[in-house]
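In structure tokens below, several structures.
The same chain A turns up in both complexes below, where it pairs with chain B and then with chain C.
And then the complex of A and B:
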């Protein structure tokens, strides 16, 4: 990870801060990031739906958005098309 | 009121549209109108948004996809090449993907999506709509006259604009919510900066384009919409229906032009029964038009002895129309 290459500053205080972060807001951050990710998928579904055969956005304009979502397209397709099972409800 | 009086009393109406069923003479009337305005010293752009544009035929000059081509002093004509516009646009998108991610070539999945998107029927209409916005936003001319595609398409454009607008509002809201989650995560992580959302910018751009294009059609101050009809039952009924629909979409209708009226002088001569019957039929429907549309009819255009192509014919028609 790039952050480990950086010189540490703050020493013991930084460690303490990280611990507090881990105990208090890590879970919240994770939740925010996860919600954000589901919304990202929802967003791609409603803009790029015709990739799955669901035409929603006028294609002329959906093309304008395509460059920005290019990296997500393959993970998004996998998520939308995969079969659901019991483990989905866990975690 | 005559067509001439409408133009003279409303100089602020700069977006002129002729609508009506196919083959009734929209192109002829828009060309004639453009010709007359140009002769009055106004800078006029006459353009066609019809994929089967016929401005090239009426001016007897190949102007398809060549941008604004000068016809006479102050008059330019343009036929939008939707296919080429779509192609250029696709290439632009491909290039953007290559530039953004430093790819050597566009990933296959993405590329086939780009290719298949252009096969969608709505693609051409959107591309044309977008081209119209480009032309009008530039504002190089006093008058923009467009030879509108047949009624169904025009209505489709308008309804499309409304639906898209609402749709984009919803997406924009979702995108803004997503931004809030980003900011929450960033604050909790004590990160300083949140990446600005390029997608939100694009959405706002798209919304703005769609709004501009529907505003052009529904601008009560600056747009004038003329219906072209001929004295025949089916056409009168269709026009009435279309006028109701247009009213529902807030398109300001400035008047009607009745085209292809057989000259009354014919009656004097010894004419075949066929022609006599046609004249009688027209007489009946002209009566219907007068009683239902009355002074909203701005001109009755005579059926000429030959088709209207070439500048001398257009000039003759303009003289009669704006006398």
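And then the complex of A and C:
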């Protein structure tokens, strides 16, 4: 591995900073990411729902959007089809 | 005994447990492999499954598991049996059971594609087990909510100096949400402003004490000074039993806390729940850091605040009055829950933390490390109550912690105010999360059968009403012990699943199996004892006196206790059957619950 590719190692200050971030803000960040993902997935469901068997009326727009959506399809399908239960609300 | 010796004992426990036991299990039994892909890397979606730095994850997991449990449990146990049994259980519990439960739940989830405990139960045991587990979890959450609302209402009613700080905490939380998400103000200035104002309000609590005392008296004068509810409480008057009275001011504060939790439950999470938790985090972190540091150096700098004052040991069954049976075994082991071992940690670890583990080598520092850190929090609470010894248990805790904080030069009055605020903040932020989860659970669970429960306001109202009903039994100690038992039983069930999984993959299951049997037997016994105490010492006397509300409340608690035992026995039967099946014929590797979607 080239020298510049090596992950940067912080000192004790960096460790402390990470722990404080984890305690104070990581949950907020996760929630913000989750909210965005929910919106995006809903959008993909509306436009590309036929990938999951949901009939979609305007295929023209789906085709126009397909190149932009393609990179997200695999994770989107995994998230949509993943089994969930009430304990997932804790995480 | 003094605080310094206890701090040294705590540090030695952490060091020996981590280096001599936990690391060995991780290396020899689990055989964690840094090269093996984790669900976070395999199924990375940038949302639920996301590889995260181990230090961040340690902070995240610790903050999520460190709630009121280690603090309140240590306070109650030291009051009931003395500081020595409480300290021994904290040390032995965390060294042989606590870290095992936390770490193993994370490991099991990581090795099973990030599935939750219930999903693993569905696959390894039976579909019925999963359904019963859901039922169990709901009643568990109800008990936690009841116990937390009860203690907070008592503290708020008896400590008017804390009111201003708590009101400003909520206001500043709302302001922080607005500043961050609507006005787009940077995190650092927004934090400085909101945390600064909240801290100032907490410190100025003494100045507003007179006003809030007057407010309480005004509420009480609405009924001419007579109580709303009178009930027989066997744990009052040093466990000799006495008539307790619920005054309008107590109901007001219970309702105010419920209103706060209701708002946290139904408002968008960014609007209230998260910002309040965030502001509260800085308050508690400051108090705990100053307190822990003060406990360590207080013996040298200010010895009068670091000497233990409560009795070392009060007996094997010291409460022989109308409070009935409260033997050290099994009741101590459920009274102190989270600092020693906790089912909440396993539940959260499997769905929250396990899906962010970047590398299998991180499972030990995150899972076991967080539990050991929480043990230190429990020790701090025990030290605070042991040196405090003035007033009610919570007041003694605040006095003790305030004493430790005062080592750094803060006036004692301000230090005690900060300690009180830290206690309430810890309990408050967890309670609002509990009601949110209870609401979702009710909707998911009964929404199809009872359509009104799909309405978030209605399901929140039902959750809060049930919790208030439990509070109205007036026997808070029994409620706390029932919560502790449910929590420890959850840990036992989690360990049972871990044991089954270890047997199913042909690994040595003993390190999880023995704690599981001990906790299973202890917790079922403790629920039986609590149900007995509730029935004979609360339900029957109040029924005989024709007191309707305490009768209904204690009757509900007895019913919940019976349901918990029934659920635990069913899960136990299914679990042991599955365990022996896998013991005879282990599979070579864990199979996914369903075919991977892609």
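Methods note: the second predicted complex is superposed on the first by the 52 of 91 C-alpha atoms of A that agree within 3 Å, B and C clash if a C-alpha of one lies under 4 Å from a C-alpha of the other, contacts with A are read in each partner's own complex, and residues count from 1 in each chain.
Please note the rule applied: a residue touches a chain if its C-beta (ideal position, glycine included) is under 8 Å from a C-beta of that chain, and two chains touch if they have at least 3 such contacts.
None of the values given here were measured: they were computed from a predicted structure.
Judged by the touch definition given at the top, the superposed model places A:28 against both chain B and chain C.
Once the two complexes are overlaid on the shared chain, A:20 sits against chain C while remaining clear of chain B.
Of the two partner chains placed around the shared chain by superposition, neither chain B nor chain C is touched by A:12. In the superposed model, A:43 lies in contact with chain B only, and not with chain C.
When the two complexes are superposed on chain A, the residues of chain A that touch both chain B and chain C are 21, 25, 28, 32-33, 35, 74.
If you check the complex, the residues on chain C that touch chain A are 43-48, 50, 52-53, 55-64, 116-119, 130, 134, 137, 187, 269-270, 274, 277-278, 281-282, 285, 347-348, 350-353, 355, 436-437, 440-441, 444-445, 593-594, 597-598.
Across the complex, chain A meets chain C through its residues 14-15, 18-28, 30-35, 37, 74-75, 77-79, 81-83, 85-91.
The residues of chain B lying in touch with chain A in their complex are 86, 89-90, 93, 96-97, 100-101, 107, 109-110, 113-114, 116-118, 120, 122-123, 126-127, 130, 160, 164, 167, 171, 174-175, 177-178, 181-182, 184-185, 188-190, 198-199, 202-203, 205-206, 209-210. Against chain B, in their complex, chain A makes its touches with residues 21, 25, 28-29, 32-33, 35-36, 39-40, 42-43, 46-48, 50-51, 55-71, 73-74.
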